[in-house]
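Remarks on the structure that follows.
Every chain is named by a letter (A, B, C and D) in the order it is written, and numbering of its residues begins at 1.
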Amino acid sequence: MQLAIAVHSSLNKELEDKIKRFFENLKCNPTILVGGYWGGMKVVVDEAIMKKLKVVVILPEEREDVELPPDVIRINSGCEYRCRSVILVRSADLLVSLGGEVGTTIEIFMAYAMGKRALVLSDTGFSTDKLKTAFSEYLDNRKVMKVEYYSSPEDLAKEVCKPITQIKTNFG
Amino acid sequence: MQLAIAVHSSLNKELEDKIKRFFENLKCNPTILVGGYWGGMKVVVDEAIMKKLKVVVILPEEREDVELPPDVIRINSGCEYRCRSVILVRSADLLVSLGGEVGTTIEIFMAYAMGKRALVLSDTGFSTDKLKTAFSEYLDNRKVMKVEYYSSPEDLAKEVCKPITQIKTNFG
Amino acid sequence: MQLAIAVHSSLNKELEDKIKRFFENLKCNPTILVGGYWGGMKVVVDEAIMKKLKVVVILPEEREDVELPPDVIRINSGCEYRCRSVILVRSADLLVSLGGEVGTTIEIFMAYAMGKRALVLSDTGFSTDKLKTAFSEYLDNRKVMKVEYYSSPEDLAKEVCKPITQIKTNFG
Amino acid sequence: MQLAIAVHSSLNKELEDKIKRFFENLKCNPTILVGGYWGGMKVVVDEAIMKKLKVVVILPEEREDVELPPDVIRINSGCEYRCRSVILVRSADLLVSLGGEVGTTIEIFMAYAMGKRALVLSDTGFSTDKLKTAFSEYLDNRKVMKVEYYSSPEDLAKEVCKPITQIKTNFG
């Protein structure tokens, strides 16, 4: 399974803590896809490496010069942030949001638009928390796929490792 | 000025009516950028042509075979829907949403993330109406640029033609 | 008709002269697509404007800040040089090369790979001249579409304005 | 090291044999990047797996439904063939061509344009053989980086595993 993790490009202690709790409770071995190696994404990469997961970092053109730890696979997208996110989400079987601002929000919407499951951590203090209020079940009126909200990183990690049934949709 | 118009890929009578009222009240001559020639986007193109505006249609790879009216400029993006939207929004000075579902919502978030003004028609019956509830002013906690909500296409059209002061930002 | 013009990103007197002779002898009104507004591409844009042709400039992300003349349509690709060329060539009915280095060469190969006609000016002093020696008829063994070499900008301009029969192919 | 392998999208016995000889003689452990899982690219992936190398397949949108062997990392580019090649080449430290037609040729030119080393197998019977005749040293007049031609897959494999000094350039 390829698991995209959407998370804020900055970091605070609480976010770091939640990312660590997510990985500590992840009992399967997905390949981790992430959009950078800074902010929350850096912690994701470092935690995933410690668990010996395969890690792929898909970089926007603006940050292709970032150094990555050995054994991490680098994809230089050659394109800007949102375009990089398209590649990230399309390559994933499943998207997890651990909290973030507009970039993370866009990745959640992209997952929905591509017919991919999105598991969203709520109560993070970031803007992605607002999705639960506005879109409690579906992200649009087509009602294809429920967004799944979790308030604990532990529950989220457990859900990721359950066998999934993929529904594929693709909206224009 | 290059004006991107985000609007639903399907159509109903009410949406058609609002698009027409928007163009009837548009008293300046922006180049219109739009992401297809079907649903609400087809009405946008046809109305813009009637007003003798320059029109550019930026197509996703899946629909590059769509026929366009003469004099409309075709951009074949060579990439999927969301990637096509990146090009659409980046090329615009300003984005107007006339109502839509997840694709339109993503374009509004992209505009904000790229530091571009987004003028959003509310009370459309589409999912983009929910943004006003969840994000009454800003689309994330960075609070860079207020989203501007309008309940009438006439007011929206007037706002588009006011001189703008562009703020450029670009988030990762 | 949408005509992509591939040409060097630098300029010398001879290239400038040939671009001008090409436009002076262009007796039809294609929309001109070009990948920038510097070097030979700047002369292309300026000449096209003088002939009152519609002009679309498709910019790589690295140069999206370039100022363009009024009435020129700007497409900000959000991606790097070669990716920008994909959009340029895919959007064209026909590609003309007026001489260039590796970027121009890639655009000629892309046109062939996408099954589009490529008309190539030879004897320009640039690296694209070498294609005629190595690939006198076809750019690969599939032999889909002859590359057409011209030694004078006048003949090339005349050929562009002849009615075309498009062959569509797309190789992986 | 991330090694992109450019090779034909079809297959014959001779090509298969050369791919196998290349991998048999590869005495280091690069991560292999390749643009599909059909034709010569399928043999590349299968050989790399047998050598327990990490493998990343970067797919064009048209073929994102292709099934891949377990443990192979899938990148769904969301864009067409040439755009997929941009991501492939940008993500590589080094490009090896084992012979191919126009798609492979474009990837060699892209590597040069991005200032990356390209090692090209000659005498393959494919169109990439013509590059040696037309461009015996450099792919354009800027003469940044010699293309390196090899007539045996064994020598090519040895060269790949020598320590490299990367030169970075990026042409518009």
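Here, contacts are C-beta pairs under 8 Å (C-beta built on N, C-alpha and C of every residue); 3 or more make two chains touch, one makes a residue touch a chain.
This structure is a prediction, so every number in the text was calculated from the model and none was measured.
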B-D against A-D, pair bridged by the larger set of C-beta contacts: A-D
Whole-Å gap separating subunit A and subunit D, where each centre is the average of the chain's CA atoms: 30
Whole-Å gap separating subunit B and subunit D, where each centre is the average of the chain's CA atoms: 40
Where subunit A touches two or more other chains, by residue: 78-80, 82-83, 86, 90
Chain contact topology (line, ring, star, complete or other): complete
Residue ranges of subunit C touching subunit B (in the complex, touch as defined): 2, 31, 54, 56, 58, 64, 73-78, 86-87, 90-91
Complex contact set, residues of subunit B against subunit D: 61, 78-80, 82-83
In the complex, subunit D residues that touch subunit C: 9, 36, 38, 60, 62-63, 79-83, 85-86, 90, 101-103, 105-106, 109-110, 112-114, 126-127, 130-131, 133-135, 139-142, 170-172
